[in-house]
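Several structures are given next for inspection.
You will see two complexes here that share subunit A, one where it goes with subunit B and one where it goes with subunit C.
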Partner chain A sequence: MTAPQIRQVLLHAGHNLRHSMRSGNGVTFVVFSTFVGLGLANLLLEPLELGLIEDLEEFQKNLARGIGMALAMASLRGPASTLGQLFDQGQLIDISQWAQFLVVQQPMILSATFLLFGLVMPLLIPLGSFATIAVDAESGAFRHLLTRTRRWTLVFGRFLGALLLTALVLCALVATVVIYIRVQIPIYTWEALISWGGRGLLALLALSIPYVALSVLVSASVKSPRTALLASVIVVAGVPLIAFSAQNAWEPLGKLLYLLPWAYSHQLLHPDLANGVLAALACFGHGVVFLLAAIWVFERRDL
Partner chain B sequence: MAASDRPGGLTALALFNLAFAIGELFEGIGRLVQRYNTLRYIEGDLPGWMLGGRNRGPFDSGLSGEERFQMLSDVGPDTLLFLGVLSLGAALLLALSVRGLLNSRRLMGRWLATLGAAAMITAALLTVSWFPGVLLHDSGLALVRGIFYPLLLLAMVHTTFAKDLVR
Partner chain C sequence: MNNSGGERVLRVSGLCHRYGDRFALGGVDLEVPRNSIFGLVGPNGAGKTTLFSLIAGYIGVQEGTIEVLGGHRPGHPSLLGRVSILPQDAAFERNVTIFDQLVFMRQLDGINRLAARKEAAAALCAVDLEEISARGAVVLSHGMVKRLGVAQAILGQPELVLLDEPTSGLDPANARRVRDLIRGLKSRATVIVSSHNLLELEGIVDEVAIIDHGRILACGHIDEVTRLDRRLVLRFGRDLTADEVQILSVIEGVEGVEADDLEECGEVTIALAASVGESAATVQRILRSVVDEELPLREMREGSSLEDAFLRITGGKGGS
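Here is the complex of A and B:
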């Protein structure tokens, strides 16, 4: 990549960031993501804030069981009843230790918040990136723009702009939740909250890469921004639904879940940092594949 | 600038302002009702059923009505009146700014939105500093939301849309 190309990519990134805010998509994404994110955190914080939890150890135990069950379902993808029995019988030792790590060794509310964010953010991310390409394809603006720039720099730059917007929203959300937990429930130290909050933020940033790239791919593939938004959300939500249904018919079809990071995203919060790094690399790989596909589609597109 | 040249972001901000104006309206009315009931509590005129109410539901603060009104009377009816009026003022400013934003007006759009956002932030910060923590436990993150959006609004009308709000 030459210096002028890097400059072009950065110009496209900045333009995409500004344009998404000016067009309203960015504003809507920021407001909705903030509200949904803070709402989810509020759901977890409220019982503690209101003093409804009289026995903190009992609450930790129940939360660890709930998180353990969720991790068992995400990792082993078996029927909930069977996994529940195995979990209660102490046969899922690794997962039980994982849940204990998240709930006992780390600030439990922050861990649960990150797990919930990991489930919900993929559905919100298309709101901020669905229009990256499709809006100009619909308006015909590319006819003028592409006389001065290469197609791949445009796709890559707009991807970076969308990723930057998502990263800013995630940073603001995590910082707010960390500060709020410290102020309202002062049972955790700043050190514990900041170190775990930092790891969770990095995990969420890694997780956002493939979903932003997927939205850009969809945006580059269709002409209408509305179709791009709908298609992105359907793909993100549809893959796990189809994978779980197909798995019931034929076990190997459950691997369809690997089409998106749903299959391994929970590993980002694994107690073993190596697992977390591997999962982050997998997210990055997924993102690269989607971005290359977006460039390939856009290079061949008749505009 | 013709209405059709208005950036979509301004339309989105106008709609959000309308939603938040309605929210602030209810917040203001709620504070005034709270003040009215606190005055009745101080005069010993409050019906008995309003003094009970511990553990009414999962989102109750666990305080009885009596404890809650005692704390509110410590906060003071005048403070409640001030906060109520401030929220109603914020609601009015935000509602008026909707039209200004849609018509790309500098005074009605940019500056009324600025004043509305400032009033929202002031109300949220004063509520946090004047109310005892236990009374805020069911609204803590709502207050954070009450600060988040106005900050975004301020940033938008003074940076991204500064050159659009000039009429």
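Here is the complex of A and C:
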């Protein structure tokens, strides 16, 4: 990549960020994501805030079981009842230790918030990225740019712009949740919250890469922005639904989950940092594949 | 189809393009000389915009070849910033100020922001949009959008400028301003302009191609194209007799004479069989005969025009 190409990519990124905010798509994404994100955090915080939890240890134990069950389902993908029995019988030692790590060794509310964000965020990200290509393809605005810039720089730049917007929203969300927890529930130190908050933020940022790239791919493939938004959400939500349904019929079909990071995204919060890094690299790889596909589609598209 | 000498900035050969089952272009051959203003005329649906889209690289070439600025295929990286286009019906971003949009486009060409701002301001001034430079495209009328499109097309130092219907929707003053801009571009760029306003094109283009149903029907210097249809229309104070018509028809350089009886006068249309220079002598001979025969001439007008040529070549039909 030459210096002028890097410059073009950065120009497109900045332009996309400004354009998405001015056009309202970005504002909608920021407002909706913040609302949903803080709402999820509040779900976990409110019982503690209102003093509804009298026995913190009991709450911690229940939360550890809930998280453990979720991790078991995500990792082993068996029937919930069977996994529940195994978990309660203490046969899922690794999973149990993992849940203990998240709930006991780390600020539990923050851990639970990150896990919830990891589930909901993939469905919200298309809101901030669906318009990156489709809007200008529909209006023909690209025609003013294509004699001045290479198509791949345009796609790559707009992807970076959308990623930056998502990253800003995530940073703001995590910072708000960390500060709020410290102020309202002063059982954790700043050091513990910032340390775990940083790890969780990095995990969410890594997780956002493939989903933003997927939205850009869909946006580059269709002409209508509305179709792009709908298709992105359907793909993100449809893959796990189909995979879980299909694996009941034939177990190998459960591997369909690997089409998206759903299959391994929980590993981002694994106690073993190496697992987390590996999962982040997998997210990055997924993102690269989707982005290259978006560039390939856009390079060949009649505009 | 053009055999005259000089460097060519665009060579199109055997270009075919179809949308599904429908042929948009069916074997277009075209050459455009450097630093000329080249007109592309044709009815609606003739294939002008498809041809522009192919040259600009918006759509892929299906069959045939296009060589731009030294043999490059459309969309080649070396053409970036050297080819610009006023596309038909391409929107600008609604909520970004038009000034910022032009600055952004110029920055993509690789120049710094300060210089880009100066050039963007100058381009907006050239199309009389400087007063609304801080507004988004959402407030622009159709004519303003067209002028903004022209501004972005002349931004920078393009060597080849493609203008698709640059004056459509403009008021007379702004249409003249755009025509002057196009004439001014000739010193530094080659301009290909498509238009339905044939009289307007006649005043600014050096060469012209007439396209219909995806085929080039005529191409060459504007005099070469229009001389095929050069004619003189004379209106007299009375109907001419058969003998008087006969006198006009045997003049050297006259190919045919058609006489119409109008309500209170007679009109004679004389087809001239010569190029511009030669037809001038023929016109003199006709006038001498008119004076010698003491015919009551009321009005004379030259009927040869790009419009006439266009209507004759395309069979006088409207667009599809």
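To be clear about the criterion, the second predicted complex is superposed on the first by the 303 of 303 C-alpha atoms of A that agree within 3 Å, B and C clash if a C-alpha of one lies under 4 Å from a C-alpha of the other, contacts with A are read in each partner's own complex, and residues count from 1 in each chain.
Here is the rule we go by: a residue touches a chain if its C-beta (ideal position, glycine included) is under 8 Å from a C-beta of that chain, and two chains touch if they have at least 3 such contacts.
All values derive from a computational prediction rather than experimental measurement.
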Partner chain in contact with A:Gly140 - subunit B first, subunit C second, else both or neither: second
Which of subunit B and subunit C A:Tyr180 touches, first, second, both or neither: first
Which of subunit B and subunit C A:Thr149 touches, first, second, both or neither: second
Partner chain(s) touched by A:Arg22 [first = subunit B, second = subunit C, both, neither]: both
First, second, both or neither for A:Glu46, with subunit B first and subunit C second: first
Subunit C-contacting residues of subunit A that also contact subunit B: 18, 22-24
Touch list for subunit A against partner subunit B, complex: 18, 21-28, 30-31, 34-35, 38-39, 41-42, 45-47, 49-52, 172, 176, 180, 184
Subunit A-touching residues of subunit C, taken from the complex the two chains share: 53, 56-60, 75, 77, 79-81, 83-85, 87, 89-96, 101, 104-105, 107-110, 136, 149, 152, 158
Of all residues in subunit B, those that touch subunit A in their complex: 7-13, 16, 58-62, 133, 137-138, 140-142, 144-145, 148-149, 152, 156, 160-161
Residues of subunit A touching subunit C in the complex: 4, 7-8, 11, 15, 18-19, 22-24, 136, 139-150, 300, 302-303
